[in-house]
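Next up: some structures, all given as structure tokens.
The two complexes that follow have subunit A in common; it is paired with subunit B in the first and with subunit C in the second.
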Partner chain A sequence: MSNLAQMLQTAGSSIEADDDFDAINALMREKGWSDGLPIVPPTEARVAAMLAYCDRPFDQPIAKIAPRWGEATPLRLAANAVMAGCQPRYFPLYMLAIEAMCEEPLNLYGVQATTHLCAPLVIVNGPVARELDINCGHNAFGPGHQANASIGRAIRLALVNIGGAIPALGDMSTFGSPAKYSYLVAENEAESPWQPLHVDRGFPAEASAVTVIGAECPHNVNDHESLDGEGVLMTIAGTMGIAGSNDIYYQAQPLVIMGPEHAKAVAASFSKDDARRFLQQHAHLTVSKLSRDNIERRVRVTFKDRLANPRPDDLIYAVQRPEDLLIAVIGGAGKHSAFVPTFGATLPVTRALKTVDGRLAKSVEDFRRG
Partner chain B sequence: MANLQKRGLTTAVICSGPFLKLGQAQARVFGVPELPLLVIPHPLGGIAIDQVKARAEHALPLFAKLLKEKTQ
Partner chain C sequence: MNQKVRLVVPEAPSPQAVAETKVRAVAKGGIRLGVLDNSKGNADHLLRFIVDGVKALMPVASVVSLRKDSVSLPAPEAILDQLAAESDYVITAMAD
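Right after this comes the complex of A and B.
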């Protein structure tokens, strides 16, 4: 069904409130439909404007969001997108991100409910990233850009309001994370010396796509001194071998973000695959960096084929295979890169933006009704 | 676990205190709100093997009681 007025006549599909910003926000907080910040009231007119960019039936779930396994219908998503401050033209990309993060390999149940501090990171590639002005340069991770801030926030609101990731109930994160407010960026394809991330992941360059990763916040890699690519890669690799990382115990697929200046230095002597191989070989820690109990109870069990009786100088790798490492170029000027560890028990998912008939979308206008 | 419960087997989830509400919510989501949740002391990680055994000893009579109730 795609008649909003008719759908809103169904019992429980809408809520009456005084036409007062403060009263509506108080009601939302009381209901728990909140990330703690004020929301834009999701009036019928605003939700209708959002759904003008939806080519699916408004009442048909596009995914079920764990841990509540709540049905993510376009109608519900539109209300959350309004609440987050999205422009209606953001809606197709927002729906795509929700669909992608609900695919099984990401293990959204684990990402949402774990005590770990991960959140779904969304990296946008392709022409729609430019069309929507998703920041990929200076301060890509915020603040300052409406698309990054509001689409990311709309994702979190859906994860809470539809998925039930309510702190200390469905979301058991020991710390939570600033990334749980909003965590969406675009790749800086114009400044990258390599093919984009979505092409690495098997999609055509002309596609617009999202890659979702169950990720920690970025950890900075400062290298202002290395004069060549190998030096930059050594510094990145040295940052990746972390004793407290989930990734070292899984066949995880973490992310290396290179700032454009570091990427240019690396690309002068490394292909992207060469860089991946170098990082896999050099990103490690020695067994001696782990506690006696971690060696006994985890290393000897997890790596029983290779490290049943480990010596202190045996190596534990940050990434088990070169092909498991994702590399993206993001950011503005400056001699920085970043390492983004993951939840470990999660795999990235990439999905292309397609219209309801299965064609690759060239623009968000392809989704516009009427 | 929910499927085992639905098949009529005596089933229980053992969890530590802070995870009780999550377990209850998941039981409702999967259509088995009556699924027994046996609560043991927190935490489960970062404890020595004798403490692990103590958790098991805490859980065992709870499960035995459940079995007894179900078979009566």
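Right after this comes the complex of A and C.
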């Protein structure tokens, strides 16, 4: 069904409130439908404008969001997108990100409910990233761009309002994370010396796509001194071997983000596959960096084939196989890269933006009704 | 007095958690108890205490104890199938 007025007659689909910004925000906080920041009231008119960019039936779930397994209908998603401050033309990409993160390999139930501080990171590739002006350059993970801020925020609101990731109820994260407010960027394809991330993941270059990763915040890798690619990779590898990381105990697929300057230095002597192999071989820590109890209770259990009786100088790898490492080029000028560890029990999911009839979308205008 | 405005509800209701119930034919020798250890540290100790407690309250014919490899991933189908086949009731637990 795509008749909004008729749908809002259904019990539980709408509420009446005083037409006052402060009163509406107070109501939203009281209901628990807020991330703590003021929201844009999801009036029928604003939701209708958002749904003008939806080519699906408004009441048919596109996914069920864990841990509550709430049904993510376009109608509910549109309300959350309005609340977050999205422009209507962002809506197709927002729906795609929600669909991707609900695919089984991501293990959204675990990502949402864990005591770990992970959040779904969305990396956007392709022409729609440019069309929507999603920041991929300076301060890409920071403030300043409406698309990054509001689509990321709309995702979090849906994870809470539809998925039930309510702090201390459905989201048991010990610390939470600033990434739980908004965590969406684009890859800096124009300044990358390599093919884009979504092409690495098997999609055509002309596709627009999202890659979702159950991720920690980026950890900076400062290297202003290395004069060649191997030096930069050594510094990145040295940053990846972390004793407290979930990734070392799983066949995880963490992310290395190279700033464009580092990427160009590396690409002068390494293909992306060569860089993956180098990082896998050199990103490790010795058993001696772990506590006695961790060695006894995790290392000897997890690596029972290789490290049943580990010696202090035995190696534990940050990534088990080269092909498990994701590499993307993001950011502006500066000799920095970043390492993004994951929840461990999660795998990245990439999904292309397609219209309801299965065609690769060239533009968000492909989704516009009427 | 303020005018009223209609807002679209952003929330999805919880699915009605109506568990399927049926009367189980429990053998005279007692219940068949299943135990799923989620592999969290000390889950095994906690579950052992619970099993001992159940045994003190009622006859227990058998106990099948299985363990997930990861606390963060769902139990594999094979484990769930075995628990369904060999248990009248299943206990799982967190610990640490």
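Criterion: the second predicted complex is superposed on the first by the 370 of 370 C-alpha atoms of A that agree within 3 Å, B and C clash if a C-alpha of one lies under 4 Å from a C-alpha of the other, contacts with A are read in each partner's own complex, and residues count from 1 in each chain.
In this text, a residue touches a chain if its C-beta (ideal position, glycine included) is under 8 Å from a C-beta of that chain, and two chains touch if they have at least 3 such contacts.
Just so it is clear, the structure is predicted and the values come from calculations on it, not from any experiment.
> So, on subunit A, is it clash or fit between subunit B and subunit C?
These partners clash in the superposed model.
> With the two complexes superposed on chain A, say which partner A:D228 touches: subunit B (first), subunit C (second), both, or neither.
Touch status of A:D228: no partner.
> Now for A:I65: first (subunit B), second (subunit C), both, or neither, which partner does it touch?
It touches subunit C, and subunit B stays clear.
> Applying the document's definition of touch, where does A:I24 land relative to subunit B and subunit C: first, second, both, or neither?
The answer is second: A:I24 touches subunit C but not subunit B.
> Name the contact category of A:E206: first (subunit B only), second (subunit C only), both, or neither.
neither
> Using the superposition described at the top, determine whether subunit B or subunit C touches more residues of subunit A.
If we count touched residues of subunit A for both partners, the winner is C.
> On the A-aligned overlay, A:N80 touches which partner chain: subunit B = first, subunit C = second, or both, or neither?
Touch status of A:N80: second partner only.
> Return first, second, both or neither, reflecting whether A:G344 touches subunit B, subunit C, both chains, or no partner chain.
Only subunit C; A:G344 stays clear of subunit B.
> Of the two partner chains, subunit B (first) and subunit C (second), which one does A:G164 touch, if any: first, second, both, or neither?
A:G164: touches subunit B and subunit C.
> On the A-aligned overlay, A:S13 touches which partner chain: subunit B = first, subunit C = second, or both, or neither?
second
> Starting from the residues of subunit A touching subunit B, keep only those that also touch subunit C in the other complex, and list them.
68-69, 164
> Quick one: which bits of subunit C touch subunit A in the complex? Just the residue numbers, please.
2-15, 41, 70, 72-74
> Give every residue of subunit A touching subunit B within the complex, in rising order.
Answer in residue numbers: 67-69, 113, 164, 168-170, 172.
> Along subunit B, where are the residues that touch subunit A in the complex?
Touching subunit A from subunit B are residues 18-19, 21-22, 25-26, 29.
> Which residues of subunit A touch subunit C once you look at their complex with the stated criterion?
By the definition above, subunit A touches subunit C via 8, 12-20, 23-24, 31, 33, 41-44, 47, 65, 68-73, 75-76, 78-80, 82-83, 107, 109-110, 114, 157-158, 161-164, 250, 297, 343-345.
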